[in-house]
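Each of the next two complexes has chain A plus one more chain, namely chain B in the first and chain C in the second.
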Partner chain A sequence: MNELIEVLKTIRPEADFANSKDFIEDGLLDSFDVVTLVAALDKKYGISIPGDAIVPENFKDVQSIGGLLKKCGVNA
Partner chain B sequence: MKFTFHRKRIAGLLTVVPAREKCFLEEMHNFNFPESRSLKLKEVMGFDKRRVVEPGVCVSDLAVFGLHHLFDKGLLKPDEIDALILVTQSPDYFMPPTSNVIQGRLNLKQDMICLDISQGCAGFVIGLMQAFMLLEQESVKKVVLINADVLSRKTSPKDRNIRPLIGDAAAITLVERDTEDSIIHARLKMDGRRANTLIVPAGGMRMPATPETAMLEDVGDNNLRAKDHFYMDGTEVFNFVQVEVPPLIDELLADAGRSAADMDYFLCHQPNRFMLQKLADKMKVPHDRMPNNLVERFGNTSGATIPMVITCNLAERLEREKLYVCLAGFGVGLTWSAMLLQLNKVHFNHIIEYK
Partner chain C sequence: MTKQRVKPESIVIIGTGRLAANCVEACLEHSLSVLCLESEQLMFSPLASLCRKRGVEYRPAFERQMLTDFFLRIDKPTLVVSAFNYYIFPASVLENPVLNVVNFHNSLLPRHRGRNAATWSIFNQDAVAGITWHQVQARVDTGEVIIEKEIPIGTDTTAMDLTLKSLDLAAQAFREILPALLTGSYSVQPVSRTDGASYHRSTEVPNDGWLDLGWSFARIYAFLRALDYGKFRILPPPRLRLLGRELTITNYRWQRQPAPANATNTIELNGNILQLRSGGAELSMTCEESKQDSKHE
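Take a look at the complex of A and B:
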């Protein structure tokens, strides 16, 4: 999970991800940040997160991002 | 919806792009975002350069310039044009049709049909389908299809979600009957329930343009936009493309009894590099068989992107060989369309600058 927070920090260094329950609702990630995050995760783990999985509910918190990565065969 | 056409071909392709170039590295300072975030986005989306018209330049200006070029070079004779189809989301006027304006400015013959089609990023396939249907008539021998937009004029200078994406262009495609018995398969779907996903809210009869609709408003996520401006729900559009386009292409391939491996190229509309890479991954198509190199040079030029992809990537090869390709467009409406056809003997295939 700490690893994911580190990746998130590269996208929005100023954002307080640790104290947010919903990154999208709280305005920490907009749709373009999600795209940048997906590209970063693809590169870091050598995967391609499916395009149809790039929906807000998969990026609302560290658990949901971790769940998405798990479906892609990555235990983050 | 399923379509089949026989003995039709693309005989020539010419794209007109404005000489005026905008660079994302210069423009990004206009947006209310830290430079580091914009630079990351540039890398992922492929934002770099785009071509935009000068203020006041319209679709008919680009189209007339391009057709004059074809006439001057002896690549097409004015009297040969039996049908002129314009596909655009940014016509010169509400009325008359811009295709008639182009006909008039070029002093073309009266014995022809001019037709405006209100479509955007899926509009190349739709325009080809209309051209093929017209060519079923004995009296129609050459159809000029023009996919043109100047949508940069409808973008907010303070909207990073839209502005850096949009380029202007006019693609002119000459469509004729083929002497070979080539079979062309096409599929098309539309969903007007999602019409608000890509919209310019004001300026039509529903919400006439007023000083109020021209005022920039804070729309959240650090962007400012007026109701006169182009709005896109980026998340919804992205998801629409990833969910709807692959099955449409699968159905089309099945119609033709082909597999993805039989296609030399998948030539898709190009909103941004990331979207196409994800589409290629979903369809298990190698990235080099779905080119995504247009948006970084010209921006997203609406219905002109597919013919531009052909010209930018395949012009040389098409001088000496046949290529079997899948075209796919997706956008306003919502509309998604795809077509399988053979490209061969493309008489002209180049890009010129409008000055």
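Take a look at the complex of A and C:
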């Protein structure tokens, strides 16, 4: 999970991900951030997150992003 | 030329996404009262949450006629900031004398008016793209220029990269012009460039989305980058016809520097990987058979 926070920090260094319960609701990630994050995760883990998985519930917190990665065969 | 425009007593920001949010933030830094109209329904827009947190009045406003009625009813001097907004202000709204309407466009006007300017800048192999804040006229993206800023297009810049840079630069430029907008007295310039004027509709795609293997290597690479918005489906994925097959390009990367424009291309298809070589340069494209329903909506 710390790995994910590190990736998130590269995208929005100023955002306080550790103290947010919902990154989308709190306005920490917008659509461009999410697409940038998906590209970073694809590259880091050698996967291809499908476009139809880019929905708010998969990016609301570290757990949900971890769950998405798990579906793609990655244990982050 | 400096013109006196309405000195606003209130501000309406219409648009969506991070640029609209940044404009709201800039207005709040001036302790201004703002009404925010979100004109597009984005899955991840930060606008609603920002307004909620900062106590800004927020209204989703996806219905065009409702917006027109709203603007026609305004009767006190108001600055309307159109920031990443696809609602087109009709002449009747622009004739309301208490409104001063300014808009962001992601090109150096009059180049690439209309939609997907980042795509067209890259596909045309422009050396420089840019952003413009301009007065709004009834004809789309034609009003006098308040501020413009250039963005150099690198050899690897994608449409996504350029869009992100445009939004950041637009937010910075808005902060620069906001104090003048609030006085109602500021300089504007007519669109003076005469070269490269163009207008693109949302349904237009470079070469209808088809890669032409007869193009130069640089042109092919520009085409791929022009359609590249990461996993956003803003435009359809690039396609090509080869040996009687219609293929969709799902990924691409160049392995060596782009070749001279006059070098000859050689093409090799190994499984689902198409290798294009030209004058020492090499571009690798992952392809799949095109689906019948892959047309852009």
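One rule holds in what follows: the second predicted complex is superposed on the first by the 76 of 76 C-alpha atoms of A that agree within 3 Å, B and C clash if a C-alpha of one lies under 4 Å from a C-alpha of the other, contacts with A are read in each partner's own complex, and residues count from 1 in each chain.
The rule is simple: a contact is a pair of C-beta atoms (placed from the backbone, for glycine too) under 8 Å apart; a residue touches a chain by one contact, two chains touch by 3 or more.
Every value quoted in this text rests on a predicted model; they were computed, and no experiment measured them.
Steric overlap between chain B and chain C is present once the structures are superposed on chain A. When the two structures are aligned on the shared chain, A:R12 is found in touch with chain B, with no touch to chain C.
In the superposition on chain A, A:G51 makes contact with both chain B and chain C. By the touch criterion stated above, A:A39 is placed in contact with chain B and with chain C alike.
With both structures placed on the common chain, the touch criterion links A:L29 to chain C but leaves chain B unconnected.
Only one of the stretches 26-34, 134-142 or 170-178 in chain B has C-alpha atoms clashing with chain C after the fit on chain A, and that stretch is 26-34. In the superposition on chain A, chain A positions 27, 30-36, 38-39, 51, 54-56 are in contact with chain B in one complex as well as with chain C in the other. Note for the complex: chain A touches chain C at residues 24-27, 29-36, 38-39, 49, 51, 54-56, 59. Within the complex formed with chain B, the residues of chain A that make contact are 11-13, 27, 30-36, 38-39, 48, 50-52, 54-56. Within the complex formed with chain A, the residues of chain B that make contact are 36-37, 40-41, 43-45, 160-161, 221-222, 234-235, 238-239, 241-243, 274-275, 277-279, 281-282. Taken in their complex, chain C has these residues touching chain A: 17-18, 21, 42-46, 49-50, 53, 160, 163-164, 167, 229-233.
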